Amino acid sequence: MDLNKADHVVSKMKEEFTLSFLVNGQKHELPVQASARLVDILREKVHLTGTKVSCGIGRCGACSVLLDGQLVNACLVMAYQVNGKSVLTIEGLGTDGNRNIQEAFLHEGGFQCGYCTSGMIMAVKALVDAVPNPTEEDIKEALSGNLCRCTGYGGIIRAVQRLANGNA
Amino acid sequence: MKFNISEREGRVRPDGMAKVTGDLKYLTDLTFPNMLHGKILRSSYPHANIVSIKTERAEQLPGVAVVITHKDVPGMNRFGIIFPDQPVFCEDKVRYMGDAIAAVAAESEAIAYEALALIEVVYEELPVIDDPKKALAKDAPKLHPSGNILHRATFKNGDVSKAFDDCFTVVEETYELPRQMHAYLETEGGVIVPKEDGSITVYAGTQHGFKDRFQLARILAKPEHEIRIISSPMGGSFGGKDELNIQPYGAILALVTGRPVKVHHTRKESVWAGLKRHPMRITMKTGASKTGKIVAHEVRIIADTGAYATLGPAVLDFAVEHASGPYIIPNIDIEGLSVFTNNGVSGEFRGFGGNQITFALEGQINRLAEALGIDPIELRRKNIRKATDKGPLGQRIAPSNGALEVLESINALCMKQKEKQKQEPCSKWKRKGTGMALAMHGGGLGFGRLDSAGGRLALNHEGKIEIAFGFEECGQGLLAVIENIVIKEIGCSQNDLKIVIGDTALVPVSGSSTASRGTSIVWQSVQRMKEPFTQKICKRVSQLLSIPENELILGENGLWRVNGKHPCMTYKQLAQEMKDGSPLVVYTNFHFPTTPDAVIGGHYLYTFGGVKVEVEVDLLTGKVKVTDLDHVIAAGPVISPNGYRGQIEGGGVMSLGYTLMEEAKMEGGRYVTENFDTYLIPGIADIPFHTNVQAIEALYKDDSHGPRGVGEIGTIAITPAIVNAIHDAIGHWVQHLPVSSEEILEAIEVRRMLEWT
Amino acid sequence: MTTKKENSSLASSVIWTPTTIQEALAKKKEFGADACFISGGTLLQLQWENGNKVPKNLISLQLIQKMQGIEVERDHDCKVLSIGALSTLATCQNHSLVTMERKLLSEVVKHIAAPAVRNQATIGGNIAGRSGDVIPALLVMDAEISLCNKVSSLKKSVWSWLKDKEDQQDDLLTQVHLPINEQERNMHYFYKKIGRREAFTAAIVTVAGSMSLNELGELDHVRLAVGGGDNLPHRLKATERLFKGEKLSTVTWKEVYSSILKEFLPTTDAFLSADYRKKVAAHIIISELQELVFPSLK
C-alpha cells in the first residue's frame, strides 16, 4: 500500500466549496462550507423556510426533507453529503398538482401550530410512496421520528388513513 | 378514533393552507436587510455572586456590533407578569442557570457565539438551593429580599380536625409531580426592528402582545406607543411564551445598534432559560363516613417556583382553588406555598396547577373508594356537585350539570371497557387495567384580576368584514373559532371575512390568549357586536337603496333583501359608497364573567372533563402503555370540530407524556435533560390509536355565556386515570410522576407475579 | 454557561473524501487523533452537540466503493452474508438478502432510531461506536467484522473485537459478516430493545438470544447477549453454560435469574438504575426462553 501516493488523490473540502444540487427540481450552485447543515442552507441560502429547526440533533423531525427520495433530517446532513443530489422540501411538494397529503392534513386536523407539519408531511410522503395502504404498525414506524406537540397525533393518523382510503 | 361531533362544516382552518405548504412565515423565519444576530450569555452557575463582567475581548472580535450588560438597560432592569423581580441582565447575583449576564449582536450567529465565549465573568459560587425543602429550612440563604416564600395561599371551611375524628376512613398520601417542559416545537425567538424615529417593532411570539408592550416599555423607558408587538403566528406555546423571553435582549440590541436583530433560542438555550410546569409536592388527607360521604379534606402544597415569580402566585392560587375539584366537601383546610429555589423558573403551563392538584385529588378519591370498598364511580356520585352548588371556594358560579353528566358518560365507557377486556385474552407477560378520573377547570383569570375582554367589528375599506381581537394564534385554532363564530352569527361567508389578531398596532384589547378564555371571549364579543354592527350596516344600505331596514340581511358577499336572489349591495360596493363617510365600526369591551363573590382568584365559568383509559403493564419491564383512551368533555357547544378534538386529543397526549415519561430533571440546579434525546415527549408509537372524544354540548338552562374554551380541560383527568388503571392492572398505587417503570417492576416482583423472582 | 454553539467549530473542520480504504487509512495516519472517520455522521453529530470535541479532520468514507453493498459469499463450507459497513441501517432493514437470510438483523435495525436517521446512519457506524443496539444481535449471530489498518486487514468475531481493548481507533471497519448455516434453520432468535419511550429512543437495555433444541429436547447453541445505551455489549457466557445439556423442563429459572443479575453489569443514569436494567434483561431472557417451550399469546 503506497501511502504517499494515496495522499495526492484524496479530495479535500475546506471552508467554502461550490455545492451543486437540486432543490425541488431547481439547480442551485452555492458557495458553502463543506460541513454546513443542509437545513441552514435551505433556510438561509435558498430562502425556503418551510423546513424548520427545532432540536438540531435529528430527534424531532421538524427538518425532514427527501434526499434523492429518502427521508432525512436536514439538520444532520452536511453540505458535502448533498453534493450532486436532489432535495425535495415541503415547498416542492404538490407543485405538480398532487396535493393529496396536504389536503388530507387540512381536512383531518393533522396539525395545529404547524411547526412540525412540514417535516411530518414529508415523512408521510416517504411512507405512502413506499406503502400506499399503510397499517397501524407501518404508520407508527414511518412517523416515529417526527414529534408533534399539539395534535397528539390523532389528526395525523386520520390524515394518513384518509389517504389510504383514497378520499383525500 | 371517533368524535361524536361530525364535521358539520367542511371549512378548513384559515391558516391551514399556508401551514401545509410551508409558506407560512413564523416570526423566527423572518429576515430583514442589514440584520444582526443576537445571542445571550446565560449563567454558569445556579447560584453565585457576580464579581466582575468583562466584555472588552468580545467587543473587539471582528463582526461583533455590540455587547450589552445590565448597564445598557435604559429603564427598569426587571420583568415579570405579576411582580417584576427577574433581572433582564443580572447585576451582582445569579439565581438560576438561565439568568442572563450579557448579550451580543453580531454579523452572524457563529460570530455571536464566539463573542459570548470571550466574555469573562468571574463568579463567587453560593450554596445551591435545589429543593423547596432546603429553601424552607430556617438557616437557608435568602434568594430574594423578602425571603424564599413567593406566595402562600389558603382556604378553610368548617372544622377539619373535628371532622377527621368522626370519619370512618381516612386516607393520607403525598404526591410528587415533576417539572414538565412545554416542548413547543418552535423555540422562543424573533426579530426586533428599530425605526429612525426611535420606535421599534417586535416580531416575537407571545400570548399577550399588550402585556409584552407594557413590560418592554418599562425596560426600555419608552412610551408604549413607540413599541409595536407582532406576536402571531407561533409554533406552539402552551403557556410557555406568555412571559417575556428574548424580547428585551433583542430590543436593546436593536436600539443600541440601530439595526434589526434576530434572536432565536436553540433547543438547549430554550431548556435552560424557558419556563416549566411547577414541580409540586402535595400531601392530602381525606376522610369519609362509612357510607362514602367525604367530610374532611386537608391539603398541603409545596410548589417549586424556581428563581423568579412570573405567574407562580396565580398558579398556586389555582391549585388551591381546585383542591376539592367537583366534590362537595364540608370541612376543608388547604394551604399552599410557592417557594423560590435555584432551579429553572416555573410558570404558566396549560392546566395551570390544575393537573398537579387533580392528580392528587383523584388519587385520594380512588384510594378512599378502595378503603371503603365502594365502587369509585359510586363514591364520586355520592359526593359530586349539583348544578347549582357553589364553587370550590364557596363562591357563586355559573350553574352547570357538567360534572355529573361527564361522570355518567365515563361510567358507561368504563363498563364497556371492562366487558371488552374480559373477552380479550392478555399475553402471559402483560396485565391490562382500566381507570377513570374527573376534572373541573376554571376559565378566565378569576375574581380580583384585571380580565379585560373585547373586540372590534368593522366593514373595512376593502369591503371585508373585519373582526379584530388582541389574541394570538399559537396553533390552538383561534382563527378557526373566530371564523366559525362570525360566519354563523353575522351571516357572511369565509371570503367576506378578514381576521386581524396578534399586532398591537391593529387590534383592540382582548386580554391574554390564556386560561381557556379565547373561545368564550370571541363568542361573547360577537354576541355584543353583531346587533349594533348589523343595524349600522342595514341602516346605511337602507338609506342608499331605499329598502326598509327590516328587509335587509347580511349574507354571502353582501346585503340581501329578504327572499332576494342576489345581494342587493355587495360589501365591496358598500365600502366604496362610504369611502368618505364615517366608518362602519363597532367595538366592545367588557370584563370576563366573574363571580359576584369577593373570593380572590375564584372562577365563575368552569368546564368538566373525564377520562377513561386502558393500560397494559408489561410484567417483564414495568413499562406502562396506554392502549385505549376516551375523553368526555362538558364545555358547551363545539365551535370548531377539528379544533375542539385537536385540543382534547393533543392535550391528552401532552399529559400522557407528563404521566409516563416527561421530566425536565435537574441535579444541583442544572438540567440533566437539555434536548429531545433525553427529554422525551410522546411519539406516535406511544399513543393509543383508539382515542375517542365525546363532547357534551348542552349548557345549563338560561346559561348565556356560550361555548367555553377547551385549551386546558383535556390535559387534566388523564394523569389520575392512568394511575388508576395501573392500580387496576397490578394493584399498585403510584404517587410519584412520571410513573417509574422501576417502581412498577418492584411492585410486580413484590407481588410475586414472576415465578423466578 | 460556556455558551458556545457546540458544533460551531465544525465550520473549521476539513472534510476529506477518499475513494479507497488505503487513502482513508493514510489520512487517518497523517492526522492521528486530530481526525476521525465519518460515514452517515448521525451519531457523531449528536456527540458533538453534547460537547464532544469536533476533530479538525473528518475523513468521509462515503465514496469508498469497497465498503458498500450486500451479498452472499462462500467461506469454505459456509455461506456468509457480507454487508458493507457503509450500508445504511435502512438498507439493512429492507434489503432482500437480509430479510431472506438473516431476518433478525432486519428486525433489530427496525428498532434503532427512526426512518430518517436510518436512511443516513450506517451499520458500520452503529458498530464502531461499540455500544450500538445492533451489537448484541451480532453477538448471538456469531458475526464477524473485517477490519483494516495501515498494515493489515483481518476478520475477527465481533465478540473478540469487543473484548480486545488493544484495537486502535485507527482501524477501519469495512464489512460485517453473518454466517448462514444449515443448522440456522432450526435456530430460534429473539431481540428486544427497551427504551424510555416506545420508539426513537436510546436503549435502557438491549438483549438478544439464540438457541435451538436438539432431537433429545435439550437446549443447544444457547447464546445470550446484552447491551444497549451506555451498557457495554457482551455475551452472558456463564449464564449460557447453565443450559448446557438441560431440557427446558429441568432448567432452574431462579438460578438463571441470579446468574444474569450477577453477570450483567449495566450503567446507572439519571433515570434508571443498573439494578433495574439487570432485572429487565433477566426477565426478558427468561420469558423468551420459556416462550420457546410454552408459547403463549404475544
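Think of it as A, B and C in the order they're written, each chain with its own count starting at 1.
What we mean here is this: a contact is a pair of C-beta atoms (placed from the backbone, for glycine too) under 8 Å apart; a residue touches a chain by one contact, two chains touch by 3 or more.
Predicted, not measured: the structure shown is a model, and the values here were computed from it.
Viewed as a contact network, the protein chains are fully connected, with every chain touching every other. By number of C-beta pairs in contact, chains A-B lead all other pairings. The chain closest to the protein's centre is B, with centres computed as averages of CA atoms.
One simple way to say how far apart two chains are is to compare their mean CA positions; for subunit A and subunit B this gives 31 Å.
Averaging C-alpha coordinates per chain places the centre of subunit B 43 Å away from that of subunit C. Spacing of subunit A relative to subunit C, judged by their CA centroids, is 27 angstrom. Residues of subunit B in contact with at least two other chains: 266, 675, 677, 682-685.
Multi-chain contact residues, meaning those touching two or more other chains, occur in subunit A at positions 56-57, 59, 140-141, 144-146. The set of subunit C residues that touch two or more partner chains comprises 11, 46, 49, 198-200.
Chain contact summary for the complex, subunit B toward subunit C: residues 39-44, 97, 109-110, 113-114, 116-117, 266, 269, 272, 425-429, 619-623, 625, 661, 665, 667, 672-673, 675, 677-678, 680, 682-686, 741-742, 745, 749, 754-757.
Looking at the complex, you find that subunit C touches subunit A at residues 10-11, 13-20, 22-23, 25-27, 29-30, 40-42, 45-46, 49, 58, 60, 62, 90, 110, 113-117, 119-120, 150, 198-200.
Note for the complex: subunit B touches subunit A at residues 1, 7, 10, 12-13, 15-26, 29, 182-187, 233-236, 238, 266-267, 474-477, 642-643, 645-647, 649-654, 656, 675-677, 681-685, 687, 689, 691.
Those residues of subunit C lying in contact with subunit B across their complex are 1-5, 8, 11, 46, 49-50, 194, 196-202, 253-254, 256-257, 270-273, 276, 279-280, 283-284, 286-287, 296-298. Only residues 1-3, 6-7, 9-14, 33-36, 56-59, 61, 64, 67, 70-73, 76-78, 80-81, 123, 126, 140-142, 144-146 of subunit A touch subunit C when the two sit together in their complex.
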